[in-house]
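See the structures that follow.
Paired with chain B in one complex and with chain C in the other, chain A is shared by the two complexes that follow.
Then we have the complex of A and B:
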């Protein structure tokens, strides 16, 4: 398990739906053996990116390579090595759970039937149940089981924890961590549950407004981002060598989330280590205010980052 | 994968088979009834002085025929409806339900997936229609529904129904793969199928196997062609079996009758004499272009091949649509 092998690589990747770009100019590398979080607001292109990586959607521009080959070629080799969980959890609703397992068994050479049965038994999902009669959360679990038992090298999970109860979320995260440790697989998962991600992920990709804002090791992300809190002042007062990601102001106080390669030593600032959630929100807020920190309007409301563009273009 | 293909469409397959089975039983019942009425009528009332009961027996036989045209229509419609309905959801339904995204991310290629689905559903379509063929053959034979080569009977008997059914199936599958909507594929598929079938029936079938010609000279009137499907008939120049260049079957006939009507008066109503006279004057003779009953299987095979070939083109379209799917 070395970082020199790339599990997923995109360069200039883009997808246009009619006139709107669902994803644009997306370039990043995901080394093997990582659990990567793909975060971003609705409609930022997360599902589009995952679908292109799974070979279901054809890019309009650029290229995506999965474990060294193009998923668009739809070769058995690539298909065998990818596990993909769709956002909508499509399943054959008229089949029984055990028939769904038979489906997985007959279509995947590396299928781990024991794993599937054990996983479902732990969840008290009866193999005799019809998939369509299960609750949304249980259906999500069956879909997930199908992905895991396929024993892929790269798991592409589109919002795997959505529709899961907190306990199930925690268990899923453990399973993912276990698979990574045991089998050296790579996981790319999109989620809105930022606090869950921090526990399990060691890589983060932030998508916003159809662009990649950040793609890096979680440790590096946390090490290079700082929250500066101080009396209200002009952005020029920010120390040299730091890059403002987002700024929020109250009447007397300025909060800057900055990217700094060097430690910030200026004593006039209180320097705080941000959480992943804070970093992510800062990038999303930045994008929502037009990609620039708004300096001219100090009276701007603190939550300038409310997204109005909630149309999920990527889900088409 | 064949199990998956079967399991996913199982309900449709069973429903189609059940519907056809119910109709088959109905056809069998009505036909047996008609056959009995016909047998009794022919035994009691053939030749000699008809017994008084023959009026009743004849009426009974006539009554028993009342389902014939409806049954014929249903037999005519079955391959198209069955094929389109089983073909349309093959790809389209998976896309509508999103299950294509599951199927296409398992460890088999889309082509493999499609091949298995087409094979299973195509075999079911062929089997259901194929089981109907002996019944059709018995039905048309027992009830003496005219020569089998005649389009009325040709269309509802024999292996050509397999051709119709598989073509309709591929049409449904191709339209479903292109539109990605089962409903649209059915709505567009049925009229397209009828159109193609009419095209073959009226433009391709008559010349598919080279026809026979029967001439009637010196007798200028219709020759006997027995059990046959008459394609064209009329007066054409002596020594020819088809109208002269620039002429039609009708124009020769018109020319002949321009002579024949006055001649009939001249020869005091003797058809034969007037006819012979006009044949000499106009140098025309009566010709029938036809397919004899003995060509039935040759024509059935040839037309089946036409529909299967068209189905292969649709197969290509389906494969391309699935392989180059852009969403």
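Then we have the complex of A and C:
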């Protein structure tokens, strides 16, 4: 696994829709070979980010670079190296699966027909089926297969498992992860299925209130976040070298989710390893409550809280 | 290994599973399951572990996690990566439980569980007692090591 090459890089990236920023001041690096989760509430800018990376939406500010090039240049070279799957899964419902394959073949120079046929056979999807007659799960499989047959180096998936039943979700992930092993591709996928992501992904980008809250290796994220449980006390009692991400209190007890570079050894706290889900929710809760403890987004306040009525700004 | 008379499901000798609720990292769960398999004799020296692709498509897990688990097993001397071939089980440091021992221990444990039930201890209580006993033993071992030094 080489980390030296960057698959996706953004710096100061932003997109404004009218007077509202759909995404702002977004800077992160995604090393090659990772399976990255893009998480955040609806309207936090996930779709906008993916569409800018895919070269579909033009940024208002900043820069996005995919595999070293700008997708906005619309050079055929970089666009053929990106696979993008919209959450709407655009398929021609009246076509047969094999006609979709022919379509893909004629549009993509690096098209791998054998791979597409092999994946579809593994999924028991007949090439003769009409796309519109397939189940939602099978349509998702076909859409992903078409994306993978393009042989992309970077795969951008917007909510690939939304609306799928657990079995279809699992099969889609199996195809996706199998293709990561086969082709060494980098994946960035947005999802709300937090508990699934912890085993599927090895990189995490948390978006909230149109800003990047965190972008790091999953291992590092888990290693540097701790849940502190102890008798109720005020935030000044927090151990040195620890940043509070979110705090909840009962009459007797304080629960703090903190970011700590060093192990917390203070014996007055019970120190627990949080799950990815708990870490993500802590960052989202922090923003929803007005972002009192702003970790990575000093310019957030004027936009904090607008994501609730801002549903899916990036979607058509 | 001879599999005569057993239903042959697929090429893999063990199937991994992940329990998301334990809080144990996924790579460690894989490592533990291989250790467990070796201890019970399900896996024997020379057996091939499932390929990364097999594991990934079987339990929807990140490929790097499987690589990491196999690296850990290699570092622990439990497995060996053979370039281009795969990862293979090595002879374990602790011998597997013999069938005779397993039966004997299981019988004793059954009797003990019966006693605990009769005393009104529920499943959770039984698990807590077992965990406590293991923990105390670990502590004792650590202390003995300290004394030995």
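Following the convention adopted for this analysis, the second predicted complex is superposed on the first by the 296 of 316 C-alpha atoms of A that agree within 3 Å, B and C clash if a C-alpha of one lies under 4 Å from a C-alpha of the other, contacts with A are read in each partner's own complex, and residues count from 1 in each chain.
We adopt the following convention: a contact is a pair of C-beta atoms (placed from the backbone, for glycine too) under 8 Å apart; a residue touches a chain by one contact, two chains touch by 3 or more.
Being a predicted model, the structure only gives us computed values, none of them experimental.
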If chain A is used to align the two complexes, do chain B and chain C fit next to each other or clash? fit
Please indicate which partner A:267 is in contact with in the superposed arrangement: first for chain B, second for chain C, both, or neither. neither
Should A:202 be classified as contacting the first partner (chain B), the second (chain C), both, or neither? second
Output check: A:18 vs chain B and chain C. Expected answer is one of first, second, both, neither. What do you get? neither
Is A:177 touching anything from chain B or chain C once the two structures are fitted on A? First, second, both or neither. second
How many degrees apart are chain B and chain C as seen from chain A, counting from C-alpha centres and rounding to the nearest 10? 140
Could you let me know whether more residues of chain A are touched by chain B or by chain C? B
In the overlay, answer first, second, both or neither for which of chain B and chain C A:99 touches. first
Please work out whether A:35 is in contact with chain B alone, chain C alone, both, or neither, and reply first, second, both or neither. second
Distance floor for C-alpha atoms, chain B against chain C, superposed on A, in Å, equals 26
Residue set of chain A touching chain C in the complex reads 1, 33-35, 170, 173-175, 177-178, 180-182, 195-196, 198-202, 222, 273, 275
Applying the document's contact rule, which stretches of chain A touch chain B when the two form their complex? 51, 54-58, 74-76, 79-80, 82-84, 86, 88, 90-95, 99, 102-104, 106-110, 143, 146, 150, 316
For chain B, which residues are in contact with chain A within the complex? 1, 3-4, 7-8, 11, 97-110, 323-327
Interface residues, chain C side, partner chain A - complex: 18, 20, 23, 25-26, 52-53, 56-65, 67
